[in-house]
Every structure is written in C-alpha cells, then in structure tokens.
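The data blocks that follow each hold one structure.
In what comes next, chain A is part of two complexes: it sits with chain B in the first one and with chain C in the second one.
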Partner chain A sequence: MAFPVEEKQGFSVVMLDGEVDLNRSPDARKVILTCLKKMKHVMVDLSAVEYIDSSGVASLVEGFQYARSNNLEFGLIGVSESAMSVLRLARLDQVFRIYVSLDERLAHGS
Partner chain B sequence: MATLAEQAVPSVIEVRDLVTYYGTQKILDQVSLDVADGEIMVIMGGSGSGKSTLLRYLLGLHLPDAGSVRLFGRDISGLSGREWMELRRKMGVSFQGGALFNSMTVGENVRMPLREHTRLDENTMRIMSRMKLEVVNLAGYENLMPAQLSGGMVKRAALARALVMDPRLLFFDEPSAGLDPVVAADLDNLILRIRDAMQVSIVVVTHELESAFKIADRITVLDRGRILMTGSVEEVRNSDNQRVRNLLSRTSEDVPVNAEEYMQRLTEGAD
Partner chain C sequence: MEETVAEHRVRPSDLPAPPKDAIRIVQACSKRGVDSRDLARIVTNDPVLTAELLRVANSAFFGLVSQVKSVARAVTVLGNRALRNMVLCISMRDALRKDAIPGFNIDAYWEDALRRAVSARSLAELAGLDADECFTAGLLQDFGLLVMLYVHPQQIDHWDALSCANPEQRRDLEVELFHTTHDEVGLTLATSWDLPSDLALAMGYHHDGPPEDADRQDVVLCKVAACADWMAAVYRCVDKRVAIQRSRDMLKEYFDASPEQTDYLLQKITASVAEAATAMGMRVGEQLPFDEVLREANLRLAEDNMSYQELTWRLEQTLAERDRLADELQRELDLAREVQKSLLPGCDVRIPGVFGINLSAKAVSGDFYDFYELPDNRIAFCLADVSGKGMNAALLMAKSASLFRCLGKGIHDPGKLLNMLNREIAETSIYGMFVTMVAGVFDRNSGTVTLSSAGHLPALHMGPAALIGEYPAAAPPLGIDPDSQFPNASFDLQGGCLYLYTDGLLEARIGEQRLEEEGLLRLLKEHGHLALEARARAIVDAVLDPAGTLEDDLTLVIIDGGKQHGLR
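Moving on to the complex of A and B:
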C-alpha cells in the first residue's frame, strides 16, 4: 500500500505509518524520491509509524542525500521514541533535521 | 526487580526436555530453557559442557533426538524449508571466528544476507550495510578484506553482518574469546547498546565470567550436558551448588571413573 502525501505550506508531507520494514520500505523510498524529483521540499511524518527498520531508515537517508544534492529541504517530523532509538544507534539523529511537527518547522522561518 | 522472564513477556525461545546424541554419546540431557522477548540470556559452561551443541540446536542446524525447540512459537522440527527461511530472516548469528568470507570485502560480507533474502535496491543495501558498520564503529572499513582486520574488528564486522537484517533474535558464540580485556569490554557495551536500541533478544554462549556477569539478564549454567541452574547474575554468583562454584572459581573437578566403561574405551577394537 502506498503512503499518502499531503501538500502543506510549501512542503510535500509524506505520511508513513505502521511498520516500515523490508516489505514496505521500497514503497516509502519510491514516494519520498518521487516528491523530491518534482523539486518539492519534503517533510516525512513518522508519527503513525509503529516500527521502522534499517531499510526504512535507509530510505530516509536516500531522501536526505537526494535533497542535499538538489538544494531541497528534507526533514522528519513526529519521530517516536522507538524510531529515535534506531536513528540514535546509527548516530543519524545528528544528521537529519528533526522537528516535533510541521508547525515547529514553519516557526523557524525559511 | 522482576526479571524479564518473571514478567509476562512472551518467549522467543522455548526448549523442552532436549536430548541430543553424537553417535551413541549423549551430549545434552533433558535441557529446558526459555528466553524472553528483549532478554539477554547467557549460556555458560566449561569445555565439553554442551553449550556449543545447544547453540547449534537453537540455530536449527540439527533437529532434536528427543524434546523440542520452539522459536517465535514455532516448533522447528515441523517446519518446511520455506517456513524455516522465513524464521531464519528474524535471526542473526555472530560466530566465534567471525566466519567472514575471505574473498569478499567487509562491505560485501555485511550486505550478503540482504542479497540472499531481499530484493532491495542496491543503493538501499549499501546504505544499510554502512549504517551497521557505523553502529559497530567500523565506518570507513567497508572496502578492506577480512585478512586486513584485527581480531576485534573481525568480531565487529561479523556483528554488523548479523545485524544487517534487523533480527529479532541474535546469537553470539564466544564474543570475547581471543580479545584483549579493553576490546572485550567495548564489545560487551556494544551488545548492551544494541539490545536497548533494537529491542532484540540475545543469546550469548561464553565461558568468560566477567563478560557474562556484565551483559546477562539471566544466566544458564551447563555442565556435562545438563543444566545446573538458570537464574539472575546475583543468583548465579551466590549459588551454593558446588559445580557452579567450581566454574566461578575456575576450579577443575575430577570426573569419577567408571572402571568398566573406561576399560571398554581403552580396549575396544583391540585384539
């Protein structure tokens, strides 16, 4: 099942949910890269994610890398504690731009 | 504080009355063991205690002669090849000698389970393997060959490979063996960090007391194919079982001689 995308305040917000594992991470990767290839800034909403494995995190890394190469913004919002512990283990919490919500990101200005 | 096994946490491993033989020699005798979800269980014992044999049965490399081994609620004796492969995807193993392929780079070794079990994009696999190398502090060693690594680095590379599929159950065979104390302590810390971050159940087979006491939630002590006790670190430390105490104090014990069996062994096949 594909993941929905909402257009909000100049961002494509990719709504991941449930388990983002070996079975579903290729879909997550596709949705994220499709938004970026349309030259959209992307926020990935992880608030409905119950579990994310390394393949899911790798999809986020690929999105981040593509965005950086193309001067686009890429960030994460609504990161749960369990998702954060996976990011922390690989020290990716120090790499990604992580916000509580899209509102928090917007409060930072452009 | 209640241990994980005492709380109502489902077991990922259930062994019941396991009996195994090599030829006619009984190696494991009525072994029963549970490992709870998220628990670190250390299986400890001296040489010849049966701990490595028990590991082989937990890995499904052999099927029980009697008794049962259940992994994630499934009896491994009744699994089809396909069911076993599905179960195997949830398990990672870090072998004593690393068991890396010498003809492959470190990165290729770590990516191998992904190639075998998934159809992920090449770029995704590369990022996943590099993330695991970061976790085990081997960032930048991806293109080296195993022969170019130190003993501790080989163990960490093997751990990265064991972790690459995000297993729910991780096995370590003698993680500290052959390492100097500082490197061994680093590896113990890494095992604890991985359990906490990945909520993985871990089974460690070791004869290293210091390591066992540091990382274990519970310890099972094996001796001559039988379980002497299973308990918390404190319970094992304070055990008044003489054989457990001998193991802790590294005292060897004279095995009583059965004269008839002994003579049989010496003279069997002689004219």
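Moving on to the complex of A and C:
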C-alpha cells in the first residue's frame, strides 16, 4: 500500500505524507477504511503532509464518519501547518479530534 | 436492519473452548528437562487421547520404525517435540465437533487443511525444518477461518466461494464477509489458547511475514506455510494456472527450488493427502491427480492463446461495444447536465444587485449557486461546493440545491437554514461526502448582508479600491455532524461588493501559477470598474486557458451593493 500503517498502543497509526490530492486520496481512503473495517481505532499522522486538497479531506471525513457509527476512535495527530490551515479554513478543526502526538492522545486516557 | 461491523468482530470470548488437557500436555512437552515418565503420566490421564495418539503414531504416514504399544514407549521413541505436534494435531481436529457449525460439513475444511499440511511437510527438507513441525503448522495455519465460520455461521453460504478462491482472493473475501482475516483470528486464538509460539507465528503471519524480531527458524516456518497455502490452492482454486505459477515462483524465491522440483512436490500432494487422512482419521473426497490439474490449467492457457484472427475479431467486437456504451453514457450525461442547469438560476433571470456564473470541468458539476427574490426587496443567495467529482457529487448537488430553494423560501435566517440543510444532508449522505456552502440574505433597502458559512472559503467584501473585510467559515461543512451550529454574520456592504467563489477559481492557473486569494484580489481590483455581468465574465476569462479547459468546477457569485444600480 502507498501509505504505511503502524500498530501502536492499541491504535492503527496511518502515516500520510507528501501531497494528498486527487491522485493519492483513494489510497489514503483505502488504508484508513481497511484499518477501521478490522475494528481498529485509527490515528492519522499528518506530520509529513505537505498539501492536502478537498479529496484528501473527504477521505478523513469518511474515516471519521465510519468510526463514529461503529463506535471506534478516529483522530488526527501531528497535523502539519499546511494541513492544519486547510482544516481550519473549513472549520473541520471543530469536527476532528486533533492531538499533537499519539503520546498526547494516550495521556488523555480512554 | 443493516449489520454493523461491531457485530462481526471475533472476540476471545466467542472462541470455542480450548482443549485444556491437550494444551497442558503441549506445554509440558515444551518445558526443558521434563521427565519422560512424568510426560507419559500426564498423557495417560486422558484415555481417549492416549488411544488416538497410539493409533496415529503407528500409522504408515508417520512411519515409526517399530510399533509402539504404550504411551511411555511413544514418548521415548517420538521425543517431546514430535509428541507435542501429534497431540496438537489430534486435539485441534477435535476442538470443534463435526456438527459445531450448523449446515456445514467440517470435513470439507479439514480436507483443505490436510492439503496444506502435506504440502508444508513436503517442503521440510528444502527448508531444513522438522517434517512433523511443518505438517502441524500447515494443518493449523488457516484454523482461524474455521473459527470465523463457527462465530458467524450465517456466512456458511459463502463457503463455496471461499474454498475455490486463491489465498489472496480468499483473504479479501474474508475481510468483506467477516471484517477480519483468518490469520488475525488464528493469532487471537493461538494467544488465547496459549499455543506454542512457533505455531502461533505460523498461524498469524503466513501472509504478511513474521515480525522483525522473530526467530530465524520461525521465519522459515512462516515461509513454508505461505508456500503450502498456494500449493494446496493448486488443487482447490478455479484458476489453477495462477496457483501453479505462484507456487513455482515462491518456492524458487524462498528455497531456490526449480519449477520441475515444485511440480514434483505438487504431484505428490494427491497421494499424501489420502495417506495423511487415513492416519489422522479424517474423511476426504476423491483427490484430483496432478495430471488432471495440469490439463485444466493448460485448457485455460489455450484459451489465452487464441488465434490472432479470433483475437482481432474479439477486439473489434469489444471496441464496437465500447463505442455504443460511450454514446449511451454521453446521452445520459447530457440529460443530467440539462437537469443540473435547470437547478441554477436561468440566463434570463436578471435580478438587480446579484450575478452568478458556473463552469463545470466535467459534464456534470459539484458546484452550484442560487438566488431569488424575497419580500421587502431582499434577495436570498447561496454558493456551494460538493466534495468529490462526477455523478455522485452531481446528485448530492441536485439534492442540496433543491433543499436550499425549497426551505429557503420559508426560512429567511441563513444560520437556521443551514442548520436544517445540515440535518437533512447528514441524515442521508454517503460517508465522506459533504457540502461547503455560504448562504445569505441581501437587503437592498438597507444595503446590509446577513450570511452564514458552512466550511466554505472566505467571502470577500470589496470596496471600490480595496478589501474591506473577509468572512471565513464559522462552522464545518454540511453533512458531517448533524449537531453543528451555524452562526450568522451581518454587515453593511457600504456600497461595495461581496464575492463568493469556489476553490476551482483559486486553484485555476494563470500560466504556471495558481491564482490563490492574492491573485483573485488583484483581479477584483483590476475589473472593479466594470458592470456586474461584464466583471464576472472578465474574472472568469482571466483564468481560462485559450482552449477553455478547466481542472475543477468554477463558480463565482457577486452581490453588488453599489449605488450605481439604484438599489438604495
């Protein structure tokens, strides 16, 4: 798969990177949904994302919605400045759970 | 009611009860320096297992040099490791009763498992591993599938599809049916039952490869199991040619075996399955000889090697069919485009103080805008962008546009209107699809605008020469969270203009450069002197390349509070 996944502390951490655009969003979507369909809690690491367009955002929204209706946790960690500005502009920072890192999420407890 | 994924999960509590006595023996066998007399004593505690163990140990398949008549003798002759493996094979075979899964004959599963077991055993020499160890791993590696069927007996109808799929297809099908895979469930079971770690690794990692810190021997055992999976598939799956080729490739890569060597091992499977079945007391159907398998595979190959003329003829037919379908699709798209156009204000609709323009990159568009007059000299307006491209976005656009027009005539508060739209769209929308929208009301008497933005790009308020203010989104897009709230912003246009646009405009290129907000502001200033319609067209023309092609849908709406239109 184009984007790696690491199993850490009960979460599947999906590592997105580079440009998450119309070409690569289908891969991002597939990786995220595959983890969720295995009933894994998912954190998407956006620290290496240089650019994300609306199709990339749509993949994240889809993961968020799938997780919510299956009682799974879905969050974003290490969101890069460029990804954050896109999320803020669309006020999606009000929707997603966003953490500095997986450690910060773990410090919150379950 | 639709089933949720949560109902599919295999939890440790769903697993069948572990064969506790057998596992105690297995664990005792694994202890260093265990006394063979102690071991024999533990085994004889279970008379059924004892009888079965002696029968299996004396079978031709396991081929002991001399017959063993007592457990004590069996322990000495076999050694701890072989004893452990034999006990495991017997107890796992009996872990699920024959009628444990209603409507399913468990023998069908074990026949498949035996093929993997004898395949794995045949690789022992190449792999430098113990033959019985390989046999046991092969027998148990897909046990997770049986457990999934046990936990979800309603999926039994798919057994035929599962049994004739190759290992990769089968795993995909498992994800679809069970939302997990046999290797994952196998690992859960092996952990929960405390099975020996080498076998647990083979059960859990024969598809994805073992973790990096695994023992070298365990890594080889995983490779053996991976090869055994494809070798057994040669006799089971529909496209035998693929399975044969894959077996040859894997044996070459892992054990440097020649294609002839692989074929020889494949050929031996038929006879070995029958022998192993007798030894293990399992019932198997008639086994297809390898010659027959090869004939089937070659038949497919022959189909692929059709004559050139036939290929050309088929190609022509296919192309003609493709053209016919393309024409049909184009007609459908034209109709869809017509319907979409009818949802936007028509060209003949001229309302002083507002103008909109929409260009779509594809036949159908995910962008839309609308405006209409309200009582008291007010105008309701909106501009929106549906996530995604193509027909699904177009359909959601049609729904959103209709809702705006229908509900907006009764609800004149933009925030409340977005609230209603959001609930409607969130209730029925497909995951991952959402709508960013600015909705507002322009009061031509007072020159004020009230607007609310759901995740959309900032609305720009321009004076004659400069930007007066920006109105970014105060709430997320429509269709994501039914509980989102949409605050209003109200302001005086001060004789200036309000510009609403979709990202297609910001991302359009002038030369190599994307327009972005900076470029848009420049264009707005440059063309600010033009009349409303001419200004909108000039801005759009500036970003269209000479061929008029677009990367993304592009929409622009201008609300003009200028006195020159005699609006106040």
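Convention: the second predicted complex is superposed on the first by the 109 of 110 C-alpha atoms of A that agree within 3 Å, B and C clash if a C-alpha of one lies under 4 Å from a C-alpha of the other, contacts with A are read in each partner's own complex, and residues count from 1 in each chain.
Just so we're on the same page, contacts are C-beta pairs under 8 Å (C-beta built on N, C-alpha and C of every residue); 3 or more make two chains touch, one makes a residue touch a chain.
Here the structure is a predicted model, which means the values were calculated and not measured.
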* Joint occupancy of chain A by chain B and chain C, clash or fit -> clash
* Look at A:S12 in the shared chain and tell me whether it touches chain B only, chain C only, both, or neither; answer first, second, both or neither. => neither
* Who does A:M39 touch here: chain B (first), chain C (second), both, or neither? -> second
* Asked: If you stack the two complexes on chain A, which partner ends up touching A:P26: first (chain B), second (chain C), both, or neither?
  -> first
* To do: Tell me which partner A:S54 touches in the superposition: chain B (first), chain C (second), both or neither.
  => both
* Asked: So, does A:S85 touch the first partner chain B, the second partner chain C, both, or neither?
  -> first
* Which partner does A:E62 contact after superposing on A: first (chain B), second (chain C), both, neither? -> both
* Residues on chain A in contact with chain B in one complex and with chain C in the other? -> 22, 29, 54-55, 57-59, 61-62, 89-92
* Contact footprint of chain A on chain B as seen in their complex -> 118, 120-121, 123-125, 127-128, 131-132, 134-135, 164-166, 193-194, 196-199
* Inside the complex, what are the residues of chain C that reach chain A? -> 4-6, 8-9, 175, 179-180, 184, 385, 387-389, 431-434, 436, 454-458, 472-477, 480-481, 484, 503
* **In the complex with chain C, residue positions of chain A that touch it** => 22, 29, 34, 36-39, 54-55, 57-59, 61-62, 64-66, 69-71, 89-92, 94-95
* **chain A to chain B touching residues, read off their complex** => 21-22, 25-26, 29, 53-55, 57-59, 61-62, 82, 85-86, 88-92
